[in-house]
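Here come two complexes built around chain A, the first alongside chain B, the second alongside chain C.
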Partner chain A sequence: MAAVQDGPMELDAEKETKPEILSDGTSNLSGNTASGTLSSSPLTAAPAGGAPKMEDQQTLIAVLQFLKRNKLTDSVEILRREAGLGEDQEDSLATDGSGGGKGDGDGGDAHSLLSRVSITSAVAPQNMPVKRADDQPDVSVVLSAYSQQGDPSLYQVYYSGLKNFIESVLDCHRAELSQLFYPLFVHMYLELVYNNHENEAKAFFEKFSGDQECYYQDDLRVLCGLTKKEHLKGNEALLDFRTSRFVLRISRDSYQLLKRHLQERHNNQIWNIIQEHLYIDIFDGMPRSKSQIDSMSGSLAGEARREVNKAKVFYGLLKEPEIEVPLDDEDEEAENEEGKPKKKKTKKDSLGSKSKKQDPNAPQQNRIPLPELKDSDKLDKIMYMKESTKRIRLGPENLPSICFYTFLNAYQGLTAVDFTDDSSLLAGGFADSTVRVWSVTPKKLRKVKSAADLNMIDKESDDVLERIMDEKTASESKILYGHSGPVYGVSFSPDRNYLLSSSEDGTVRLWSLLTFTCLVGYKGHNYPVWDTQFSPFGYYFVSGGHDRVARLWATDHYQPLRIFAGHLADVTCTRFHPNSNYVATGSTDRTVRLWDVLNGNCVRIFTGHKGPVHSLAFSPNGKFLASGSTDGRVLLWDIGHGLMIGELKGHTDTIYALKFSRDGEILASGSMDNTVRLWDSMKAFDEVETDDFTATTGHIHLPDNSQELLLGTYHSKSTPVTHLHFTRRNLLLAAGGYNSQ
Partner chain B sequence: MAEERRQKLCSVILPTESMKAMAESVGVGSLQEDSCLALSEEVSYRIKEIAQDALKFMHHGKRRKLTTGDIDHALKIKNVEPLYGFQSQEFIPFRFASGGGRELHFYEEKEVDLSDIINTPLPRVPLDVTLKAHWLSIDGVQPAIPENPPPVPKEQQKTDSTEPLKAVKPGQEEEGSIQTKGQGASSAEVKGKEKMRMKPRSTHELSVEQQLYYKEITEACVGSCEAKRAEALQSIATDPGLYQMLPRFSTFISEGVSTFMNYIYLLMLLFLLASVTWLLQPVRV
Partner chain C sequence: MASPKTVPKDAQVMMQILKDMGITEYEPRVINQMLEFTYRYVTTIIEDAKIYSTHAKKSNVDADDIKLAIQCRVDQSFISPPPRDFLLDIARQKNQTPLPLIKPYTGPRLPPDRYCLTAPNYRLKSLQKKVSSSAGRITVPRLSVGAVSSRPSTPTLGTPSVQTVGTKVGTPVSLTGQRFTVQIPSSQAASVKSATPTTPTVQNVLINPSLIGSKNILITTNMVSQNSSGDSTSLKRKHEDEDDYDAL
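Coming up: the complex of A and B.
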């Protein structure tokens, strides 16, 4: 009953660690500062209760050693007196302790104990601040859990015994229990490697690696390189596996069956691994079928626990600010000439009434403080409304036109593209560290005049905004220099005054599109930043990178407001929810997570991808999320219920671009296989029956209807699709760099 | 099948000989076999690790090819000093000289005549990145323009070009479809699966003038009048408006070739091949 025991304990640990993390006062949001950073910290997994007395003493010794090393002599004495320990006793115990780890140096073992001490903070609260300085999961403490071992030659026997058992059980249980194969295989292999049984490990790997599901091939490739204990230290893949318990969902019947089998055979080795390294989420009811399991598995740490996806998510849209649409005389006249002024008015009314209704699923208007609308924003909103009245209604019978922007002579260097919301500007990030901005309308890009020239301008004049621009600098494109590595992400601010770019050099840069200079370099990731995006309301932006965290920033703070930590591998893409209250991140650990901007909590974990997730898109109504990965599949998610609701198969390579049409009827996907595909998203969402049973158990039946949902496939000659964008009138814009060979 | 997969996953390590060679290159002469083995295992593991990281950079660079830059970046995130010295063309750039009891190593630098450098024309500047827009689809239909891939799938094109007589003519759509069903069920299937929304193949009617021109040219090509033939060949080589008629010419030539091959009519064959060379003038390509 691993599940039952562990629940409360982990929660406690989380509570403990929360206040220490990130108490920087830069947050200007209401509520507490960022948290959740340590929610999956490995330390929580270390033994906390029920440890034998010997271990307690060892812990004490470790604390003493630590204090000594830091010259805290007073504390040493006090602690020693309280524990009633003599100095000799300490020494003898210390040597005892190090004797436990075979061939491991004294220092290493003491160190591992030390780091274990840091969680059992009740013992030595005074050393807390020092130890907290590095909250990195410590490899040696993580690994030390592997030190107990059985006879290495029996591992194959154990494993094949279990395999035979699982293959002989009833069909309905077999699929569920087969989930055990992969995590057990990995842990047993790592245990062998950790205990220096290199040859046994190799034999074990060769014998059983062929049995694993095909979507674990990438991980197995990493694993087969690991053959020595030294390799384990500092290996991220391993840390990920060990720090997070692999989550399996198994029905109660199957679990009982497994438990009985293991107890009958006295197969403690496997039972220990299940108890220590796996998290078995037991549910009542029918066992799941093979296809049901396959659709949800594949992530680095197994499936998401059911309770993780139970939190309420306010996925509704915010109320549109009320803007009186001024009756623009000129425009009205133009409409009059066309002879349909009345029609326009009614449309406007309908739009107005629609936005006045408050969505019951929407967050409070001020849940996240949003920047106030400027006059220029209001003008833009009006433009948006006008454009949306001219929007084409799309559907299976009415497919959008696609305009493809090809980057020529980019020499495979195009790495990121973004369009402004009004489709007037296009930005490209390149591997040569430059960011280039193009105007795709006849209006050319101009810089603001120099300070001296600006002084001479009559600031009272009506066309002052026009006058500050320097005509001499007008050109179709501008180049922004500043990064020192390939630019992996670009994003325009909604007001078109700023541009963000993230790069391999570990920074996110904010550029002004008035002066075409860099304004701020946001440092913090220190490792390559794979993606960045502005909030739909501006001011905030999110970035994610190789350091496995996503960060939320505000443009006027040089430090992040929130750190979203929990992914087990690189954060590859980041997207804001349309209401700006949530952030979705996709990762190399093959999961998609949804984070609450208000408190930094992870509110959804979506598993099911079989490869790194490289693209994300929210539906315009905020209810659904689409994600695309290297395996060429698009998965659709219901955010409110936390369920997978669709799988779109068709692409043959990584999907780098996903976008919903403005009304959400069509989902467009662009891929490395040089195609743009259009999918009927309305149909995909409608066909899902979310009855109470599926909602509570999370078991899904996916209809295999990709072919019916696919509305169109459009091949380009030799241009991978890097970005997709729907204009306000629902014309689809695609962009990519031409590959000459 | 399973065997193969296992083979692929087995860990491969560098041979110990290469370790020895590398050790010698840095001046370590005698390396024991055990140390070689340990080294090669460690090195192989680290190389794999770096390659795995480099792959990430390739994916994010939206490329299919791993570049040296990716490896540099992977080294950087591992905090390894980047590799220097790739620019050197030779293995060891030093030259050795001895004389007068002294031994010298020096860089060989040749004297360069400045005026030569000044007078040589500058190399061509690589083209700058440019943006080009085209319609990938109009109301869900892919227009047949040069920027888009040909509307007919490649297999279809292949059968069309290799067996022009069997090619589906607009009039005999029914017959043709049955035929292709029999032969190339797979290609038809693929087409149906992908639900290609291609423009239906339109009949390219030639104007009366073009029909006349076609007749004249074909007759001149295989006719006996040498002057006429030269003129005709000149015309098909240079005339820019032949785009529409190109398929017809190729059909004519291929049919002609297959016919004359049978009768061993070499001269005709030569004429036809001449017309091919003229058709393939760079003007058209």
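Coming up: the complex of A and C.
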């Protein structure tokens, strides 16, 4: 970064480091960080004239000019005395200097000085016009030369040199070292652009961009358009890329090879970039193969460091509060005193675990505060249990039926869909900023009566909940107005009283489904909010948007409770874990992160997608996560170990919908290619459980068994699938907007 | 798509740019939108640069003025999300406070009333009635387009529709909002343009829905005077364009 920007600070820095300016050797120059302060190398005694190298001369002169410009005459004297510079030498460089009143510097001297500079330090002629042309930032040019570490035209030489080296190593190391190409390429290119060497940057790009991996093509296209420093300023993602460190995982042997090669060639250019911008996570063991590396790479920041994925995650489910719920299947306790008809359930699938032992992988009940169960919630739970007894067990032999809800006349404006858990209501968010709610069952939607009418009803009657509804307002669907931008996410609350919608206008709105009016607008993201979801227990909800963070809110706080920051690009998809203690976010930076609600930490980073991640689904047992992206692949992750355990290939377009069946045996995926595919998740997860080796090293050997796991492909005529939902009885509902093209 | 011979040069350039950026499938109207944006942006920058150069008492506009104009506009119109370290910082602060305990038995859990929208002071009327009555009203501005006498007619256009202001505030149209005031005068036909400078008061202009056919989108623009002067809205302008073209 140019020193000119932090002018006043630089004065002090300059004064202190002035005696240390005379650095020797290029390797020390490389220690300069982006802040542009001069490296504090030991002072080499500088007798008049000969000893200091030409680059140091340049620096000295530039610094002198800077000091002069800021009228620090004493410092100028001292420096000049110590460095042994003559008056004319420094003035000769101030060709069109602002303060260069002593313009009697001989052109001859300047020329000779400059020519000496050009020969000895091998600074290419291109540098000269840059320096002479703009005197105003001449200090910064010289200083930034440090951050660019030498000559722009040599970058190509360095890169080809590295390329040749890597091509000559043993096969087993080649794949690993090839990971270096992309980050080095981008960083070198960005350095050239940053230091205003536009032509060299373009030439560099043209020569080497074709060598990069195919999955980086989109990024390269963006880079291709960035040729000036000003272009960099607005591009947050690239600035983040420049400051954050790209992570590479290389085995120790390969790393030693690389280190030896770079250091013996005195070619510290690349070494410096590696040290500054890359983080090499070394592991002991066999070098990884190309396919292994390919499966994990693709994200904007490289892979995840191993220790990032080592935090303990409580992926177990919370215990169902069956003890407090009366009239349940606690048949040894006589708690059926509520007067409701007794139904002794012997089926105990999800609710039934009688063991009072805490699952070691499950969080404590009070780890995060959760709302208590109201009576209506308890009734819901009873209904849920009744339904679950009638649930169809799915499997490879027993595929679900799929019912597709097609939105007609949406003119490609359908942007979000959600079903309630009991599949009684359907909500659609549209690009015209409306949210529409439909009743899927024959029962119509009704609004609550007005306050005056409510006064007159009999509050003690049994069917008071029906009486509060106003029959005159019964209709099949209701339209909710309020947003001022397309609605990109909708989510029903588990108790069916509220609906959330998130929109491009930066707000998340809470709507009441009793009055069908808007209750609250949560403002926090000031940028489009791409997704929102209620927690499985209600009360909390999470939203993620263009500002690269996901926020956790509670319905009764107007500000977010937690901010999950860390992604390098927009957060496109946010999902709660079934135990509501963790939030998974998928992002345009092609990673999936898992965050802890309690303290906002990122506990898992999953890389491997080659395109923005648009859909996420947790398995019902909480152990696994599935993610789908624009590259048409569904990746399966083991949350506990932090590993990728499966890859499902088959879709040809972005996957926007992912859902596990109620018992987790089938994974359904819906995509823009107008198909719904069913995958055998039970089989995919079984195959992995046994492997301990992968857990320790983090290496994965993914079997290419997508074909075996695919249970069925179901095409719609021309309707992309926006949402999938398994009813409580394991019927699959799909929703999408008819696309006539 | 029109044959290359009949396509104007800057449209060809725009098609090439889209191709270079990897965008291969797009509706033909996208080119118009992009060109509109380009014209508007470049015009604004050059006008700003002219102001800066006259302020610096230069005879010509040079590169520095343009650079300054771009820089100032970037901060105003194209706001980008906060930088990562800032986000990490505020996240750290926010995440330190423990999660608040949930009070039991409180009924609907909502923020304090002043943060809620539970007390609106308006009511939406149904859409059907408005369409029929506005269809009759629409012909008024079109008749007065050519005539200089557009002035006396505009107040009459204004008054009958004033009552819709109250009800239309929360209307179904995503396209309303202050941003529209900037768009309509410049890009629409002269009919509306003549109206703008003359009316300092609030005025609703209903664009003929019959042009849109059965879609029945009513686009209302609140031409409050401070907004018509232009780009002072804090909303991102780059999103304004897409709304225009549904009316064409």
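Things to note:
In this text, the second predicted complex is superposed on the first by the 556 of 741 C-alpha atoms of A that agree within 3 Å, B and C clash if a C-alpha of one lies under 4 Å from a C-alpha of the other, contacts with A are read in each partner's own complex, and residues count from 1 in each chain.
To be clear about the criterion, a residue touches a chain if its C-beta (ideal position, glycine included) is under 8 Å from a C-beta of that chain, and two chains touch if they have at least 3 such contacts.
All values derive from a computational prediction rather than experimental measurement.
In the superposition on chain A, A:Glu206 makes contact with chain B only, not with chain C. Legend: residue contacts after superposition of the two complexes on their common chain; A:Pro486 is shown touching both chain B and chain C.
Of the two partner chains, chain C is the only one that A:Thr555 touches; chain B does not reach it. In the superposition on chain A, A:Gly161 makes contact with neither chain B nor chain C. In the superposition on chain A, A:Leu598 makes contact with chain C only, not with chain B.
In the superposition on chain A, A:Cys518 makes contact with chain C only, while chain B stays out of contact range.
Looking at the shared chain after the overlay, A:Pro620 reaches neither chain B nor chain C. Once chain A of one complex is fitted onto chain A of the other, the partner contacts of A:Pro536 are absent, as it touches neither chain B nor chain C. Residue contacts after overlaying the shared chain place A:Gly395 against neither chain B nor chain C. When the two complexes are laid over each other on chain A, chain A has residues 221, 224-225, 230, 431, 485-486, 504, 527, 546 in contact with both chain B and chain C.
Within the complex formed with chain B, the residues of chain A that make contact are 202, 205-206, 209-210, 217, 220-222, 224-228, 230-231, 235, 398-410, 412-415, 426, 428, 430-431, 436, 438, 440, 477, 485-486, 488, 504, 527-528, 530, 546, 570, 572, 588, 612, 614, 630, 654, 656, 672, 676, 678, 707, 710-717, 720, 722, 734, 737.
Of all residues in chain A, only 218, 221, 224-225, 230, 233-234, 236, 239-240, 243-244, 368-372, 431-434, 479, 481-486, 497, 504, 510, 512, 517-521, 526-527, 539, 546-549, 554-558, 560-566, 568, 597-601 touch chain C in the complex they form.
Remark: chain B residues 2, 5-6, 9-11, 41-42, 44-45, 48-49, 52, 56-57, 59-65, 69, 73, 77, 126-140, 142, 147-149, 193-197 touch chain A in the complex. Those residues of chain C that touch chain A in the complex are listed here as 20-22, 67, 70, 74, 78-85, 87-88, 90-92, 94-95, 97, 99-102, 104-106, 108-112, 115-118, 120, 124, 170-174, 176-177, 217, 239.
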